Every structure is written in structure tokens, then in C-alpha cells.
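Alright, structures below, take your time with them.
One chain, subunit A, links the two complexes that follow: it is found with subunit B in the first and with subunit C in the second.
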Partner chain A sequence: MNELVFFINNVVIAGSVTGSIYAIGAIGVTLIFSIMRFAHFAHADIMTFGAFMVLLLTTAFPAVGASIGVPTALVMLPLAMLLTAALAVGIDKAFYKPLRAHGVKPIVMVIGSLGVTLMLQGLIRLFSGTGGQSLYVDDRKEIFRIALPFEGVRAPIVITEPQIYLFVITLVAVVALHLFLNRSRLGKAMRAMSDNPELAQASGINTNTIVAVTWVIAGALAAIAGTLLSLDVTFKPDLSFFLLLPIFAAAIVGGVGHPYGAIAGGFVVGFAETLAVFNWNVLLRPFRDSLPTWLELPSNLAFVGTEYKIVVPFFILVAILVWRPTGLFKGKVI
Partner chain B sequence: MHGGYGSMNILNGVNMTLYADEVGVIVGPNGAGKSTMLKAVFGLLNVNQGEILLNGQPIHNLPPNQLVERGMGFVPQEKNVFPSLTVKENLEMGAYLKPQNVKRMLAQVYDFFPPLVEKRHQPAGELSGGQRQMVAMGRALMAEPTLLLLDEPTAGLSPLYMNEIFDRVKKINAAGVGILMVEQNAKQALAIADKGFVLAAGQNRFTDTGAALLADPDVAKSFLGG
Partner chain C sequence: MSHSTKNRNPDYTPNDATPERRFPLRELVLFGALLAAVLAVYAIMGAAYSTRMLVEAACYAILALGLTIQWGYAGQFNAGVMGFVALGGFCAMLFSVPVNDAFWGTELPGELGKVLLYGIAATLIVVGATKLDRFGVPKKLRTVLAIVIGVVLYLVVISLLRDVTSQIQSQAGFIGGFGLPAWVGWVVGGALAGGVGYFIGHVCLGLRSDYLAIATLGIAEIIKAFLKNSDWLTRGTATVSPLPWPTPGPADIGFTLSRAIYLSVTAVVIAVVFFLLHRAYHAPWGRMIRAIRDNEVSSAAMGKDINKRRLEIFVLGCILMGLGGGMLGTFNSLFDPQGYLPLNHTFLVLVMVILGGPGNNLGTIFGAVAVYIIWIMSEPLALFLMQLAVAFGEGVFGWDAPNNMDSRALQARVLVIGMLITLVLRFAPKGLLPEKIKTHG
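Coming up: the complex of A and B.
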């Protein structure tokens, strides 16, 4: 049983945490692709920007959260979402819109977004420094140890406060997005434009408005993902950037342009990562006595070492592109 | 009117007049500029010379969304539905600029195309060609157009559906909507036309009432296959 608890802590919880963050990031990437038809490589640094806004606001008003009993960073999140959405719309106006107006090929937009990513990273580093900083400025990070009421189970299930917030906020964000896309007039227009931009225009849908709305949603979601990631670990100016590959892998695994696919893809990649670095020796240990004597279990039975975790999304990405290029759900082929 | 893609003209002096609540049919051989004509009217390509008037107002080179506001609806020949949206959502998009009318117009469109009622929660991409054409026409009707442009509404349809679509076009016209359509099935189309335009090489060749064109031996010989 203790081994099972270890599995829950290291795979179920850790996988859900990683999966949620990948999923929220991948939704943004996939929405931008479905409306503007290009891979937005600056997405990870927009996540960092969101987290950085939270850090600034929390440092400026560290005591706000204590009065209502939640971490200050969480109180600042809606404000940071607004600021990040504004940044995303601003970036589009300044860099992507002129390119679109020239009718450039998607690859030019992609290269443009690489430029934006370098610029954002440099700017954030300029103000934040290169080190890590905790988003818990005045608050304490609670860690819950839930003891299981079974005999012989000594190990508790460990979950931290930001992880609980992460699950709740991910759920709320996904439900809200679902309702928006399926119930609201603007959300339906967004799906319509993703389906057939010419016909959307012929129906009187203002495509510029839809583009702006897309950036607002993608920016706000990026702020959520970046902040929740930084709450779980610490804020670092390059933390989100290293998630760029898994996030794109998630979007492609799910089928590009498919928001629900992005969610599924996020969890597939997240769990694949945690399962790949999990030490299976732990689960096999109880059966050690019944194994033949010639078979000795090595102490580390993980598929890959933790330091090679990043190869997992690479591998999934290659596998999907080779065997199912449209993704799990039927998406557009890039 | 002269117009085309970029600076190249495909239309070289076309002249058409259609009165409100008439059915106009454009026929002619492939490459005559029939679809180009329709696209030019709907602001999808450049009009380099001449003008297009709607109710006496110049409308050439206005963007499509403004033309929708002025009462024009356009049904393209291909890609004329939103495949992943349900039938109902497709229709709702047609009334995007007039959301307050959605309920009333939905009832009216379902009245024109009863088969759509039962399919309303199905993605349009899963429908048959004929049903998809109904969704496409329905979507355009949702905006309550005074003039409906149809680009080959019966292309690729079985004869059964073809008759049904012509029948609907007549009905829609009877409800007071002017129709300008391009058709390959010239005989059937001219039979329901108040006005027919035979186009060739980007110019009018014959212009008359539908019945007169059908009866004209010259038109029959060169364009209707005898």
C-alpha cells in the first residue's frame, strides 16, 4: 500500500499538475493556430510575462491575500490575466498584424514569433533578474499530508496548496472555455472563422474582432498557466520557455486547432513524462520475494533519468507525426 | 463593368440589370466569367472599371460584411458551410449582424427547408451535398437579404435534389427575395428565370427573359446544346 501511495504522489498528482499546465498552454497555442494559422512560438514567454506580472503585483502589495485567506499571488492573478491579455493584443497589433496585412506565408509569422519570444525573454530578464523568486512573498505555502485510513499505510498522500488551486482553476478555465465556444455568439463566430474564414466574412463576422478576442483568451490562459507553474515551483524568467516543446507536442498530439484535443494532449504528454521518469522498482518491490532468484531488480527501473525528461515529449511528437499527423482528435495538419 | 483578379480582367464589359424580386440567371460556357461576375458583385474581387448599383447606390469594392448589412446574401459554390458547426449554429452565423432576428428567421428558414429541422444538432460537415446546399442557402437567408446571390446551387447534386433546390429558389423568390444565380443546368434554370443573361468571354452575348432565351434558336444552338 505504501508503494501505491508513492505511485499516487509521484505519478497521479505530479502527472495531473504537469498535464494541467501543458493543457492550458496548449489550448492557447491551438486557438491561435485555428484562427491565424501559424505556430505561435512566443506563447511560453507570454506565460512568463503573466507570472512576472503576478510577481510584481504581489511584491507591491504582499499583504492583500492574508485578509481573505488566500495567497496574494492568487488574488493578483485576474489582474495579471488582464495585463497579459493586453500584452498579447498589443504584440499582435505591433508585430503580427502588419505581417498579416502583407499576406505573408505562415512561416514568416512563425519566425516573427521567435523574434517576439527573444524580445520578451530579454525584457523580462532585464527587470526580474535571472534568479528564481518565490511567488509566496508574504504567505506560506501549505503542504497537505493526507493520511489514509488503512492499516499499515504510513506514507501520506502529499499535495500542496498551489496544486489544489491549479486543479480547481484548470477545471474552471476549461468549463468556461467550453461554454464560451459553444454557447456565446462570439465563441461560435470564433469556431466559424476557424472552419472557414471566407464564409465567416461573407456572413458579416468582423474577423479583426475575432482575432483580438483570440489573443485576449490566449493571453489570459497563458497568464494562468505561467502563474500556476511558478506557484508550484518558483518564478524564473526561463521556466516557461522550457515548456514550449511539451506544450506544442500537446497541441499536436491533440490535433492542432482542436481545443479539447489540446486538453487531452496536455494530459497525455504530462502523464507520459511522469510515467517515464517514475521508478517502477518501487511498485515491484512488494513482489520481490516471489521473483525467481536469478532476477534481481535494479534499484532504478525508470525508463529515462529525470534529467532526460525533455526527450519524452520529443518522442511522442515524432511518433504522432509519423503515425497520426492529424493528432488524436482530427486536427489540421501543419 | 470590367473586373477580375488583381489587374487582370476576366470580365470585359458586362451589363446586367435586375429588378427587385426578380430571378436572374447567368448561364454560359465554362470560363465565361459567370462565377467571377457574382464574386465581383459581392465585393470579393476588384472592379476595375464601371459600377455596380444596389437600389441606385454604388456598392462596387465595398467589403462583403457591408454588403450583408445592405441586404445582399451570397452562397458560394464550394465551402459554403461551416463543417464543424451544427446546422443550427451555421444558420445562426448567417444572422450574426442581426442577433435579435435569429428566432424568427430560424423558423422561416426551417419552413423553407423542412429537412433541416431534424438535422439541426448535427455538424453540417456530416450532411449530404443537397442538405449542405440547403444549409448554405439557409445561412444566407438568415440575414434577411433583399438580393440573394447563388453560385451554381445545383452543382454536383442528384436530379432529385436539383429539382428540390430549383423549387426552393422559386419559393424564396415568391417571398420577395431577389435572386441572381449562376447555373450550369441552363434549361432548368432559365425556365424559372425572369431574366436570363448568356455570358461568353466576359461579355453579355444574349440578354432577355428566361422564356425568350429558351425559345431563341441561336442561344439553343450555341449554349444549350441544341
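Coming up: the complex of A and C.
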């Protein structure tokens, strides 16, 4: 039983945490892909920027959260979402719109977004330094230990305060996005444009508005993902290259241009990562006595070491590109 | 895909067609300015430093030539130059470093070989299992069987490998090199990079062009992670140095002369690569590659095997990157996996290519040398500007500057590189020396 608790702590909870973060990031990537038809490489840095805004605001007003009883970083999150959304729209106006107006190939947009990545990285590091910082400036990170009411179970299930917030916020964000895309006029226009931009324009949809709305949503979601990730661990300015691959893998696994697919893809990639670095020997230990004597289990039965975690999303990406390039849910853009 | 075929390539307008024998004024002016810059660096920084800079610029020029045939000739964007450079550097290290007797004198090489044989056998078994449906096994059952067998065998092999490598690490440090001349490592590094490029290209080149960028970005980080964490193979963060040069080293004949000899070796390599690329570009093959870049559908209609041609050129570019990476690694005389950074080895090369002129070999070489000089000189400049800013802030506002200002100042260069990429794409998409498009008739 203790082994099972260990499994829950290290795979179920950890996998849901990374899965939620990848899912929120991948939604933004997939929306941009479906409206503007290019892979937005600067997305992970927009996430970092959102987290950095939260860090700045929290450092400026560290005591706000204590009066309401939530961490200050969470109080500052909506403000950071606004700022990040504004940044995303501004980047589009300054860098991507002129390129679009020239009618360049999508791959040139990709290179442009890499340029934006470097600019954001440079700016963030210039102002924050290169080290890691905690978003809990004045507050304390609560850790809940839930003891299970079974006999012989000594290890508790461990879950931290930011992880609970993370699950709640992910759920709220996903439901809100679902309602927006299916119920609101703008959301329907967005889906129409992702299906067929010319037809959407011909039927009187203002494509400029849709592009701006896409950036607002993508920016706000990126701020959420970046902040939640930094709450769970720490804020680091150089996260982006390690986030990009899993997020793109998640978007492609779910089928590019498919927001629900991106959510599923995020959890697939998140769980695959945690399952791959989990030491399976722990689960087999209770059965050690019943195993035949010639079979001696090595002490480390993980598929990959934690240092090779990045291999997992890459492997998933290659596998999906080889066997099903449209993704699990048949994305529209190949 | 629908996008690229619908719009005609905007870079191509008939006005671009230049008469064949034009006086190369632009080339002369640009290269003259470059020569003046190099001479200025020689005058200010001294011969040894400047020659080092030139050798590194020459190695970067080989990388840039690799990228210019991928991006300029064929329109494929490789976002993981760093990975191929690191592979080249690794091979240069592995082949040139002296033989480690603490490893080869024991039974460890046999053990390692045994594990590698097990790995090959396991791969064969799994491949065999995927062919089971030819013997009447239902397809679903075959897939399940193949996956189960694959997972179990993988776990067996990887735990055996972990045992052996940790033994190597504790008993011998690392496996050492082969003690061969460095150029063997360069050639093998090129071949290895080409092999990795073949794998990636094979998966991605039939799909949207963005996927290639994502996959190359990923493979670069994986190669770096592998080299950084395989202490038994590369000593990881402990780094390997010195790497022997194929030419007389600085200890024998002094810094300037030895670097000058190394520079002539790189110059010969560049000249050979340049000549071959020039011939290939003007050959029917080069025309076919450009036709595929500019209009995929019409080339396919003419019966060209688009994916195969793309794979060819992608692998060729990767080989050049591996070769350049090997030469760069040997010249630095240090193999440090952590020293491979996306900024220095991917984006700097990208800037060289798009600024110099994608698809124009001469422009690419100009871009490589010019950007590298700016890059090297920007480091003291950034530090100086930051000190100025700090002094100004302290003097006027009484601002208390954090003490890690120097590392932050260097980050400003990241910003500049990013800005350069976006600005060049916006205002000079064809680079300083644009590709010359010949028209016939």
C-alpha cells in the first residue's frame, strides 16, 4: 500500500500538474496555429513573461494576499494576464502583422517568432537576472499531508497548496474557453476562421478582430500556465526551451487547431513524462518474494533518467508524426 | 501547405533578374569594409587574438554554409544547428583524445561491447515482432506483442548499460579517445550529424515546414542532454581538454603562427565546400532544388521526387554543420557539452545566413565573418554600456545596482540578436547580398 501512495504522489499528482500546465500552454499554441497557421515559438517566453509580471507585482505589493487569505501571486494573476495579453497583441502588431501583410510563407513567421523569443528572453533576463526566484515572496507555501485510513499505510498523500489552485484554475480556464468557443459570437467566428479564412472573411467576419482576440486568449492562458508552473516550482527565466518541445508535442498529439485535443495532448505528454521517469522497481518490490530466483530486479527500473526527460515529448512527437500526423483528434492543419 | 502554393513566392519578381556580367560593386564594397574591420581588429586587439577570431569565424562560416543550403536553397528551416555542431565537436573529441589505458586495459570494453550487442539483438527481436502479422498473427495482437517485448527488452538493456557505464565511470573515469588524427573525427562527426539529419528529415520533411523546426529544436536539446549527462563517454560537466590539433600546436610554434596554420586549414575546407556548392547550385540539381522551393506543385508535376530531394539537401546541410562543429571543437581544444548554447550555435548562425543573404554562398560567408566580428566585439561593448548605465543611475537617481550586472549586460546581446532577426526579416528579407536569380532568354 505504501508503494501505491508513492505511485500516487509521484505519478498521478505530478503527472496531473505537468499535464495541466502543458495543456494550458498547448491550447494557446493550437489556437494561434489554427488562426494564423504558424508554429508560435515565442509562446514559452510569453509564459515566462506572464510569470515575471506576477513576480514583479508580488514583489511590489507583497502583503495584498494575506488580507484575503490567498497567496499574493494569485491575486496578481488577473493583472498579469491583462499585461501579458496586451504584450501578445503588441508583439503581433509590431512583428507578425507586417510579415503577414507581405504574404510571407509560414516558415518565415516561425523564424520571426524565434526572433521575438530571443528578444523576450533577453529583456526578461536583463531585468530579472539569470537565477531562480520564488513567487512566494511574503506568503508560506502550504503542504497538505493526507494520511490514508488504511492499516499499514504510513506514507501520506502529499499535495501542495499551489497544486490545488492549479487544478481549480485549469478547470475554470478550460470550462470558460469551452463556453467562449461554443456560445459566444466571437468564439464561433473564431472557429469559422480556423476552418476557412476566406469564407469567414467573405461572410463578414472581421479577421483583424479575430486575430487580436486570439492573441488576447493565448496571452492570458500563457500567463496562467507560466504563473502556475512558477508557483509549483520557482520562477526561472530560462524555462522556455524546455517547455517548447512538450507544448508543441501536446498540440500536435491532440491534432493541431483542435483546442480540446490540445488539452488531451497536454495530459498525454505530462503523464508520459512522469511515467517514464518513475522507478517501476518501487511497485514491484512487494512481489519480490514471489518472483523466480533467477530474476534479479535492478534497483533502477525507470525508462529514462530525470535528466533525459526531454526525450519523452520528442519520442511522442516523432511517433505521432510517423503514424498519425494529423494527431489523435484529426486536426485540421497538416 | 495550401498557403505556400497559393501565393507566388513574393521574393521572386522578374525585376530581380540581374544580367549575368554585372560589375560586382556591392560585393566589392562589402568585402572591402569587412577587410577594413578585420584590419582594425588586428591593429587594436593584437595578432594572436584576431587570428583566433578569424579561425572561429571561418568555422562558423562552414556552419552558415550548411544552413544556407537548407534555408536558402531549399527553404527548410533547421532550428537545431547547435545539436549538429555538438555532435561534430563530440566526434572530434572522441577520435583525437589519447587512448585511456585505464579503460582499454581492463575487461570493461568487452562488457560494454556485450551490452551493445544485446542492444542490437533486442532491436532485431523487436523489428521481428513487428513483422509477425506475416505469419498469420492478427495485427492488433502483433502490435501489443511488439510493444510489450520492446518495453521489456528496453528495460533489460538499459539496466545492463547503466551497470556498465557506472563501472566505467568509477574505475576508468571515461572511455577516453581513439588517439587518431582530428580530421578523422571531423569526417565522422559530419557523417554522424548527417545520419541524425536523415532520421529527422525522414520523419518531418513530408509534413508542414514548421514541424521540421520543432523537431530539430528538440533533437538539439536531446543531443546536448545526452552529451552532458553521459559522463562515461564525455566526462560530462567535467569537460575534456586539451584536444590535439591536426596542425602544430601553440606550444611548439607560438599562438599566432599555429592559429594562422589552423586558419589556412579551415580556409582550404571552406574553399573546397564553396567550390562544390557553387557547382551544385548551377547544376541541374541546384535548379531542381530551387524549383521545389519556389513551387512545389509544379515541380511535382514535372515528375521530381520532392521528398527525396529535400532529404538530400537537408542531410547535406547537416553534414556541413557536423564538419564545422568538429573543426570548431578541435580549435577550442576543449569539449564542454554545457558550452553549446542555442544562442551561440543556432541563432548566431541563423543571423549570419539571413543577414548575409540566404542562398548566396558569398553573402553567407560575408555574413558569417561580419556577424562574428560584431558578436565578439559586442561583449566588451555591452559591459561598457552597462557600467555607464549603472554609473549614471547611481549618480542621478541614487540607484543601488544589483551586483550581477555583468551577466545581465551579456543578456542584452540576446535581445540584440532577436531584434536583428525580426528587423532583417521585415526590412531586408533577401539579405545584404541577395541570391542572384538567373533568367534565360
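Rule of thumb we're sticking to: the second predicted complex is superposed on the first by the 330 of 334 C-alpha atoms of A that agree within 3 Å, B and C clash if a C-alpha of one lies under 4 Å from a C-alpha of the other, contacts with A are read in each partner's own complex, and residues count from 1 in each chain.
Here, a residue touches a chain if its C-beta (ideal position, glycine included) is under 8 Å from a C-beta of that chain, and two chains touch if they have at least 3 such contacts.
Being a predicted model, the structure only gives us computed values, none of them experimental.
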(message) I'd like to know which partner A:I252 touches here: subunit B for first, subunit C for second, both or neither.
(response) second
(request) Using the touch criterion from the header, give the chain among subunit B and subunit C with more contacted residues in subunit A. (result) C
(message) I'd like to know which partner A:R191 touches here: subunit B for first, subunit C for second, both or neither.
(response) first
(request) Go through the superposed model and pick first if A:T117 touches only subunit B, second if only subunit C, both, or neither. (result) second
(message) Going by the contact definition given at the top, which residues of subunit A touch subunit B in one complex and subunit C in the other?
(response) none
(request) Using the touch rule from the top, collect the residues of subunit C that touch subunit A in their complex. (result) 1, 3-4, 7, 9-10, 75, 77, 79, 154-155, 158-159, 162-163, 203-204, 207-211, 213-215, 217-219, 221-222, 225-226, 228-229, 342-343, 347, 350, 354, 402, 404, 407-408, 411-422, 425-426, 429
(message) Show me the residue ranges of subunit A that touch subunit C in the complex, using the header's touch definition.
(response) 37-39, 41, 95, 98-99, 102-108, 110-112, 114-123, 125-126, 129-131, 241-242, 244-245, 248, 252, 280, 298, 300-301, 303, 305, 307-308, 310-311, 313-314, 317-318, 321-322, 325, 333-334
(message) For a test of understanding, state which residues of subunit A touch subunit B in their complex under the given definition.
(response) 185, 188-189, 191-192, 194-196, 198-206
(request) Sort out for me which residues of subunit B touch subunit A in the complex. (result) 42, 63-65, 68-69, 74, 76, 79-85, 89-90, 92-94, 96-97, 99, 139, 143
